[in-house]
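Paired with chain B in one complex and with chain C in the other, chain A is shared by the two complexes that follow.
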Partner chain A sequence: MSDKPEPTVRLSVFKTYKLYVGGKFPRSESGRVYEVTDSKDRPLANAPQGSRKDARDAVVAARKAFGGWSGATAYNRGQVLYRVAEMLEGRADQFTREVAEAEGLSRAKAAAQVSAAVDRWVWYAGWTDKIAQVAGGANPVAGPFFNLSSPEPTGVVAVLAPQRSSLLGLVSVLAPVLATGCTAVVVASEDRPLPALTLGEVLATSDVPGGAVNILSGRTAELAAPLAAHQDVNAIDLTGAPAELAVELERAAADNLKRVLRPADAEGDGEDFTADPGIRRLTPFLETKTVWHPTGSLGVSGSAY
Partner chain B sequence: MLTGVSMSRKELKSEFGDVTATETGLRRFLHGLPGVDPVGLETRAAALGTRSIKTTAKAYALDLAISMIDLTTLEGSDTAGKVRALGAKAVLPDPSDRSTPQTAAVCVYPDMVATAKAAVAGSPVKVASVATGFPAGRVTLDVKLADTREAVAAGADEIDMVIDRGAFLAGNYGKVHEEITAVKEAAGDARLKVIFETGELSTYDNIRRASWLSMLAGADFIKTSTGKVGVNATPANTLLMLQAVRDFRDRTGVQIGVKPAGGIRTAKDAVKFLVLVNETAGPDWLDSHWFRFGASSLLGDLLMQRQKLRTGRYSGPDYVTVD
Partner chain C sequence: MAEMSETTSGAAKDAFGGPFLYAPAPESRAVVDLAPSYGLFIDGEFTEAADGQVFKTLSPSTEEVLSEVARAGAEDVDRAVKAARRAFGPWSALPGAERAKYLFRIARIIQERSRELAVLETLDNGKPIKETRDSDLPLVAAHFFYYAGWADKLAHAGFGPDPRPLGVAAQVIPWNFPLLMLAWKIAPALAAGNTVVLKPAETTPLSALFFADICRSAGLPKGVVNILPGYGDAGAALTAHPDVDKVAFTGSTAVGKEIARTVAGTRKKLTLELGGKGANIVFDDAPLDQAVEGIVSGIFFNQGQVCCAGSRLLVQESVAEEVVDALKRRLTTLRLGDPLDKNTDIGAINSAEQLARITELTDAGEAEGAERWSAPCELPSTGHWFAPTVFTQVTQAHRIAREEIFGPVLSVLTFRTPAEAVAKANNTPYGLSAGIWSEKGSRILAVAEKLRAGVVWANSFNKFDPTSPFGGYKESGHGREGGRHGLEAYLDVR
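And then the complex of A and B:
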């Protein structure tokens, strides 16, 4: 005589959100976390609250990765970015849920954001080997020279991700940085960091070299200040900075002549990320190298070359 | 026994006369040293590495570490130009901040000693030269002595010799002792650093024995490694050597220096070593006369940390020299 066994209740496994630095998923060096809530103030998860030392470590990782990523062929970079789109597509359901929770959108609207984010990766994947022709080229000069300008990646770019658009906005500011061959330290949206932290998992499985993208969550002002003043950061994208902070950061960035991309408007991120991105975000992080190559006759022998 | 009761070399010889007189005596003494507890040693070294050194203590440690560096270039590709650049860097490590201390020495191959000497002329920076068939040491004693004499004649203030690891591992302690004594004599007034190449000695017991053997033979400094093998200076083997110099001074009153070399690349690592020194040998060793770092890229990181403390912003490799 045996009783029917009680149906076992399975406890679901909760995810610990972590930073993405140097291809690894560490907790914040400070050990701090902060509560992330949905649009109706219901708690979603604890996110790591990064410190300035996390920012420093991320810059070191990004600098280390810069040689490999910028040295990869533009074609190869395009393939890798396309691979990110593939991986993102495969996890569309998870991102749809996270975006819906973070931004308070309906499922359908969140799904549209995720699809747009996937398409955004594809857009920039296509641009990797084309930007050089658009932003560079041959210059006519008054002398027997070929004169060529070629755009090259500037280096490590600190990216303050948009505060409101947690995935599409993030991809819209991150992808162009990667497309040009720069490496990035991203400060995720302060109140909506979860899609960004999950994007780290997508990047880690997409052949993006460890360190090429580093994602930090925490207080934007606390993380942005050391990044703006950091002497080994070459550029800063202030998209996610509130107006007052943006001014302060731009001042700090002037110290080592960082390239600065200002927020699109005074509001910080009123930017419509669903619009056609163009190449507005590709060109700010390029350095133009111009080479002079002698041409024409090299002697009096009459040789044509 | 405390300091002040320092023995002369002669007295030292008589105290340990029966030890160093014969191969058997040496073996009995060295094998009579207490065995090393590897787990305890590594735990202790790791525990000391967790000390938090901040603000003014950090500033002090960074400056001290810079002043203890033997700025080293030991490559087959060394040129006179590179040695001159190294000398300039030793004399003025951070041109943007003249309050930066100078390094203790530059360390080069014997044929570069004259160039290095000229590069640091007029400054307190010393010139150290590796000798005795560095890094393998697989040459005859005559060649080792000639190598040493040439370096000293060219103006080297310090000689870094390598021991014959083959003889040591074969238990031929007498030969190793004899060679150190002979090189010490050939070095004259130059301070002698004895390199064990700890990565080739296999056990901690061997490192302890090598330490005592060298100190008995007249080393002024004991040094971990050449920087040419896989395992170089580690906190554990440096801790062990610091214990040896502490015990040696307690017994004889003679103070011997310690130099970890190879693999120390970050300011954080360097500060950990300084904690080891202070907690093991004591503050008497916290001076460039008694403790050195054999390093090259370490200086860059120390300077970056120093700039960070001064300005409050993180510095980058663009603001220090490329080796």
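And then the complex of A and C:
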């Protein structure tokens, strides 16, 4: 017998990717998974293949979270979104690896995507308490009335994440929904869902209330259909829907007059997510509420100075 | 009970027995590490004044020397402006998103160190820890957080597609909210891409110097923020310096006018936040208990050393007696004493000079025939103190109804009709703040519309938020701080 044991190579622990619904990490109720591969078709992991039931459960969770999240002060929502940026920054290495594998990017290019995603959270953290002054305001009506228009979140938003940009694209469509005070049900990129599922772990540790963001992986068409037709969903972002599907979903969304954000171009996914996002992803999910109140009259002009 | 009587010795026993007896609950000073001396902060370094001058900063409640601070002179002003000028090019050329991240860092460090800074501010200023902890510091952090978010959104602020910064901002701030006034000045200036030279007040330089240290922790590039503790001469030299592009001042109307004369004929953009003589108008349909609380916070918050204080109570004749009686009852329950005690409501007056001014004006009030009532509390033997005081039988001609006292002194006037209330409220050269107490929305809005004041609080008083513009009409100054509007002061919008 030898004195020394043979040196063994430590076997790494694989991660089981799960959905993120209601602040928890369930498997798909259907028990299904599908294999996710990298850009060279090498297997990476199994992802849960979410079902129609998972989508409906996610809507219930998002609706439940809406009161609390939309009722939080804009300042508080900004703090929470900034906290997401802090958490994401701390896990940059992990996301760089996942984005590189998912999108077939070099490490440097993937790292740039992750940095841009962190900055995107910071950008929207700053919008929570500013959009009201940009999109709302006092209306000088021709009468003795105080008249003020303020934006309010529309409710539960279904978000079809971009198919190609697995993290920056995802953050670019999710963060504005949260910034407005809406809650989200996100359908991750079908072929590149792993960064999205890992983002759920970041959100869970960032003071984002459970249910404010719900992340599903699976077949986009299968998950999008029940969301587009769901009577308790207020808006749908079709960014990640292929062209034919987008038309179908928009038609289904008309049934309860969902607010619809169409894909940027016919390809459905040609959007350049590194560009300045502006406010075009905030306003579609805001309702404008105008309040009238009589000002009465004192019958005097008061002092002119 | 012997040890408990310490904090309550000042409390008189009225029908309600005065304040409840509380054991002392002092906040620990140990969280603040005060150095025996501090320098000027120029170009990222702490440095002595060119002429070696120093001054002492005292605790207003104990008169002990807290530290010795370098006193800036004209030469130091020039050095600081040059540093800010050098820093301006690279700072303004940074992408807004990068400037934003510096400001977010500053906001976060302030949040982390807020307990320490609250104690420091209470030591140097004399205001109760309850206020620095629950009001000043949270607002300071929120202000930086708010303006951080604007740094990369200037194109959305309504001042054109690519608004540019002005350059070097000269900023002079008062002693009543030292760190909060610093935040109101520095946060929007930096977000817009300017660099700053800021002079804190001579009685409260310490929190600004701790802020300089926070700038270093945040990795802020050298010269972007320069802090010059000093007196009025340094402030005058700073605002008159030919290489500053922007002057922002918060303080007395007299000094504000002097600065306005100084910058006349220059390219310097000017914003001024000056004095006030706020009217707090109580109608007979107001929720009176709530109104009494609002009157108290309106004039006794920060010992009344607040430019937007509700220093004139205008109360409708039919409820005047009831309101004044309730007010006096409430005032006998306020606790005056050690500012570091968590139960203290009324802290120390900031300086002997300020106490002398309050005393002079209240003496004039009595001499001119108004009726004086002070809460029957015992004042500590060391430090600067003034008991909460209410004058009734006040006319509009009295000095205490016209001049800013900047102390815990309320002048009560009465009115019969809303029109009379408006006329009296506007009968002042000032126009900073006002309060309206009524259950009727249309009356509130009608009165608000007629008031010549920059901030009108309905059924509330002394509410502040970084998103909400603040500033005055008439001789209370011009320009607004806070909100989207606050950016205009630091952008070239010509």
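Operating definition for what follows: the second predicted complex is superposed on the first by the 292 of 305 C-alpha atoms of A that agree within 3 Å, B and C clash if a C-alpha of one lies under 4 Å from a C-alpha of the other, contacts with A are read in each partner's own complex, and residues count from 1 in each chain.
By our rule, a contact is a pair of C-beta atoms (placed from the backbone, for glycine too) under 8 Å apart; a residue touches a chain by one contact, two chains touch by 3 or more.
Keep in mind that what you see is a predicted model, and the values were worked out from it rather than measured.
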Go through the superposed model and pick first if A:Val291 touches only chain B, second if only chain C, both, or neither. neither
Touching A:Gln133 in the superposition: chain B (first), chain C (second), both, neither? second
Touching partner for A:Ala125 - first (chain B), second (chain C), both, neither: second
Specify the partner with more touching residues on chain A, choosing between chain B and chain C. C
Using the superposition on chain A described above, determine whether A:Arg63 touches chain B (first), chain C (second), both, or neither. first
Of the partners chain B and chain C, which touch A:Gly78 in the superposed model: first, second, both, neither? second
Chain A residues touched by both chain B and chain C? none
Quick one: in the complex, what on chain A touches chain B? 56, 59, 63, 226, 229-233, 252, 255
Residues of chain B defined as touching chain A within the complex: 307, 312-319
Touching chain C in the complex, chain A uses residues 74-75, 78-79, 82, 119, 122-123, 125-127, 129-130, 132-134, 144, 146, 278-279, 293-303, 305
Which bits of chain C are touching chain A when the two form their complex? 97, 100-101, 104, 142, 145-146, 148-153, 156-158, 418-419, 422-423, 426-427, 440-443, 445-447, 449-452, 466-467, 474, 483-484
